[in-house]
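Note that chain A is present in both complexes that follow, paired respectively with chain B and with chain C.
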Partner chain A sequence: MAAVTTMLSRSPGRHHLLLMPAVLLVLALCAVAAPFVVGEGLLRLSSEILLIFAMAQMWNLLSGYAGLLSIGHQVFVGAGAYGMFALSIHAGVNPYVAIAFAPFVSGLLAALVAPILFRLRDAYFTIGMWVFSEIVTILVGKSNWLGGQNGLTLSALRDMDPDWISPISFWWAAFAAIGSLVLLAGLMRSRLGLALLAVRDNDVAASSLGIDVWRSRFIAFVISAAGTGLCGAIYFLGPAHILPAAGFDPNWVVIMLFICVVGGLGTIEGPIVGTIVYFGLRQAFATSGNWYLILMGSVAVVVMLVARKGLWGTLHARYGISLIPIRREPPSDKTFGI
Partner chain B sequence: MTIVLQAEGLAKSYGRIVVVDDLSFEVARGECLGVIGPNGAGKTSLFNVLDGGVRADRGKIILNGEDVTHLPRHKRSHKGIARAYQVPQPFPDLTVFENVLVAASFAGRLHGHAAESAAWEVIHRVGLQERIRDLAGGLRLLDRKRLEVAKALAARPQLLLLDEVAGGLTEAEVNVLVDLVKSLKPDFGIIWIEHVAHALAATADRLMALHFGRKLIEGTPDAVLGSREVREIYLGIVDDAAA
Partner chain C sequence: MAWLETIVNGLLVGSLYALFGLGAALTFGVAKIVNVAHGEFIVLSGFIGIMLVGIIPIHPLLLVPLVIVIVFAIGFILQMTLLNRVVGKDPIPPMLLTFGLSIVLKNAMVEVFGATPRSINMGGLRFKGMEVFGMTLGVLPVIIFVISVSLFVALHFFLKYTRVGRTLRATGDEAQFVQLFGVNYRRAFGVATALALSMSAAAGMMLAMRSTITPFTGGDRLLIAFEVVIIGGLGSMWGALIGGLILGVTHLVGLRIDPNSGLLYPDIVFFIILTIMPRGISGWRQ
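Take a look at the complex of A and B:
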């Protein structure tokens, strides 16, 4: 065990530079092939799992890495989905293509509201996000252009081959999931990632050391919102219908939060574990009605009590295991002739 | 001598409490200005005003001839002000190496290998090499103070602000720090706050004594420590403590 641990944690970056693209390539090939191998039902479930995972990862970016706890992230799910629907319905853009614009809609929304929300600190930001989400929900519900309380229907999809809807949704979902992993791993190894980690840990020290705290948080916020919006748009492609209560459902953020807290906030691997736990529980207990929600709550509480850093976070802290290492290793003493 | 910092008529109040009161002074490159004064004299507040943590109500801060009075803290850091806080401010979930790398990358404006080797060198210079992979949150006090100094150095400053970096350390540990600061002096201007005046006497070229935010006296260490004003405030404290 110790040997494995050492190997996993201490392996030099070069090793992983080759490993990561190889793993990603295999994942991508599996994703391309899956719709031809897997049945319709499983394909839909897989899409959902991948999307929820990607959303959790986006929430993780903001809350785990940028230190901004959001309980209003459903606003970006809805914004991305509504953006895609509106583009298709009002501008005649092909829905599959309109998905690509969804991140710009939710990202723009985030960029516009950031100057206001960023005036709020800590818990006030958290509550502010929730209030903002409620306001957007109400406004969308009152907007005729967005279908009001009746929502919008993606009628363009009716003219398209129904056999392709699930596969294309799945490919988009796989793109979002793999993309979220690559994005987070890349970001956290970048200069911006280092700035974010510093800001999360101590914003006073960060600004003292030349980091523009506001700008770092802003970038993370917009990226997180854009990614979440992309997932929202892909998710609602399948149902081809959206209501304010579904797009802006607070349950979205509850699931993201559950996955990150259980798996390990502020680790890239944590949401993988959290997603497995979430869907495992859901599939096992979905028929038992409200008990399933109580069980979810209990699992989250137990994990928070016995493993405060989440399942993966605790393993990582105790054994130093890391699948996607983002720690910056000091140059070896040999490099400097000591 | 090149003047690194000119402070002109700096003032800061919180409501009716004046914490920095019309302070003017200069620091040259290669010079160490020691700041002493009893608790609550406004020493830390002066650093807050200088590094941009709080805005001055009045006055001017000129760094290398450039007016930085209205720049936010991170931009003053780019211009060359670095600070070691009285209460260490580590990034607890980052390693010692990463902590110093942040300083070298953003304040020091270095990239890639240059940043890494700068961080590595500074960590060795302050004697933290054994802890280089440890999380900063788990360091003991001396190491946290060393890390605080390491970050300030890796920032490659023009002006180094040291706030009671010797506080809470043993005599031997203080000597290590004093030697370190002495070895750095030629490279930049230093302002060193120390509640205990003796630690400063050996290092500082000049001392400035503050009381209620105001400059009591400024001059050579001997002149300041021997002055009636300084003896009065320090003796005053001793009397209070004995009472």
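Take a look at the complex of A and C:
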């Protein structure tokens, strides 16, 4: 019983639930105002940070919460970006609007391949995902419609006011980042979130409780792909040019993985910490070339050795702190009439 | 006849692919570790080979055993000092640790060896051809095929008939249970990883003989290794050999039909096989 009482005392009070929308509102207002206050260079860096964070969070949803470790997530980054470029170039859709369709492209791709990939279990899935992304990369590189090896250029952007490109991508990025937080926190408080955790921890036991394992995983997979695709589309608005080697760069997943591992896989706050560590290292050692990558790899190794749950995950496990509470109130003693 | 030649060449290169996969199959089979740094160890062995060839003036093929011994030691130390700390029920921590390791190794190799493609100087042997039943085959690829298949056979007998081999197989089946028989499963993991990396050492040396390597070659080789292992069925040795040969043939036949397709056809074949047999060839009957 002692365990339950400590959980009770540590579990978030109800005022936290009201606090969160307030914090989000403040964040959103800051995001709206930022482009008018902050300079161009800082604005671009902030957009990148927000996008990388949102991608990491999407990867976290699939790998940390649904237990499907993917090392092929770059396929959705590229799919979203290519979807946006193709809509703008071949259908004449305004690029800023086309971004909104990007998640449907990457989500659809995920939904189509899920029936094959979900036949594979654990490590088989992980590697199947990688092979799938390789296939898509090669096929896009061979497709003339998608520009082949020369890639696509977002020429429609030339006719637009260049002063607005950075602010609009920043707003999209802020939307993606805040959206990913809200989505994950909301999802994890829902029935589906509980189902996902149950499936991750023990799929056989979960299905014996009446949880549709396949369906829960499918929804998480499609949402994760859609979110990643949205971020990819926003990211490539900046350069206005995409190549198969850039859109489907395996480094995308390396970054997502690094952030989640260092911060804490399967926690909502983890990727926040991970993103800070990643960009901190990058900004501090960017000029040192390869040494910064060596350092990054070493950080991942050391974290695995000393704090296997990641920095935030370890803090959370030891002290029970959480910024964004998703744990439910355990049934109180009275429920059982004790 | 030209097609037959392509297929035979595919089998020859496939034996090397199988060897890439063999190491990965062994680490997975015994220690249940998906080693993401496997590709980097293949390339590292190639570079060790290139360095030794510059120092020791004997034929590069005779240096293969030396590189195998060196990398065996590296593998044993790696497992005992790092990987054994994270092995357990959850397969994800070791995978992530090797992921970090692969980033470190790759970029350290760029620092030490540079990014220009290099290979082991084989003298005249590299482009020597021979006539076999009307086909022209390279002498070197045939030698590599023979060495690869011999390594498979040697490992088979080692695992089957020696005391250490039996211990490894038992540990692969029940790592906790073997402790009752006085087996230190962590040491067994160490030997398994060491053996696995030795296999990739041989593969890396021969890769550097056949073609060129850069620190970035590891990624593609890892993909091939994983495909081989999974087509064969995780942890199965003979499955890996068959998987490697299938991929080799598909790769060369694919390149013949469609010259700039890269690994597209092997990737597609991988998917088709897995859709039919989700547990790989060796898991087919289960």
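By definition in this document, the second predicted complex is superposed on the first by the 319 of 338 C-alpha atoms of A that agree within 3 Å, B and C clash if a C-alpha of one lies under 4 Å from a C-alpha of the other, contacts with A are read in each partner's own complex, and residues count from 1 in each chain.
Rule of thumb we're sticking to: contacts are C-beta pairs under 8 Å (C-beta built on N, C-alpha and C of every residue); 3 or more make two chains touch, one makes a residue touch a chain.
Since we're looking at a predicted model, the values are computed, not measured.
> Given the touch rule stated above, what does A:Leu194 touch, chain B (first), chain C (second), both, or neither?
In the superposition, A:Leu194 touches chain B alone.
> Between chain B and chain C, whom does A:Leu42 touch in the aligned arrangement: first, second, both, or neither?
Neither: A:Leu42 stays clear of chain B and chain C.
> With the two structures laid over each other on chain A, which partner does A:Ala284 touch: chain B (first), chain C (second), both, or neither?
neither
> Give one of first, second, both or neither to describe whether A:Val213 is in contact with chain B, with chain C, with both, or with none.
first
> Touch check for A:Ile135: first (chain B), second (chain C), both, or neither?
A:Ile135 sits against chain C, while chain B stays out of touch.
> Output check: A:Leu120 vs chain B and chain C. Expected answer is one of first, second, both, neither. What do you get?
second
> Counting residues of chain A in contact, which comes out ahead: chain B or chain C?
Counting residues of chain A touched by each partner, the higher count goes to C.
> Looking at A:Ser298 after the superposition, I want to know if it touches chain B, chain C, both of them or none. Which is it: first, second, both, neither?
Touch partner of A:Ser298: chain C, not chain B.
> Using the touch definition from the top, say if A:Ala33 reaches chain B (first), chain C (second), both or neither.
neither
> In the superposed arrangement, which partner chain does A:Val204 touch: chain B (first), chain C (second), both, or neither?
first
> Residue numbers of chain A touching chain B in their complex, please.
Touch residues, chain A against chain B: 191, 194-195, 197-198, 200-202, 204-213, 266, 327-331, 335-336, 338.
> Quick one: in the complex, what on chain C touches chain A?
Interface residues on chain C, with respect to chain A: 28, 34, 36, 82, 85-86, 91-93, 95-97, 99-108, 110-111, 219, 223, 226-227, 230, 234, 260-264, 267-268, 270-271, 274-275, 278-279.
> Would you mind writing out the residues of chain B in touch with chain A in their complex?
Counting only chain B, the residues touching chain A are 51, 53, 72-74, 77-78, 82-83, 85, 89-95, 97-98, 101-103, 105-109, 111, 113, 116-117, 119-121, 123-124, 132-133, 151, 155.
> Would you pull the chain A residues touching chain C in the complex into a rising list?
69, 71, 116, 119-124, 126-128, 130-132, 134-135, 138-139, 142, 250, 254, 257, 261, 265, 290-291, 293-294, 296-301, 303-305, 308
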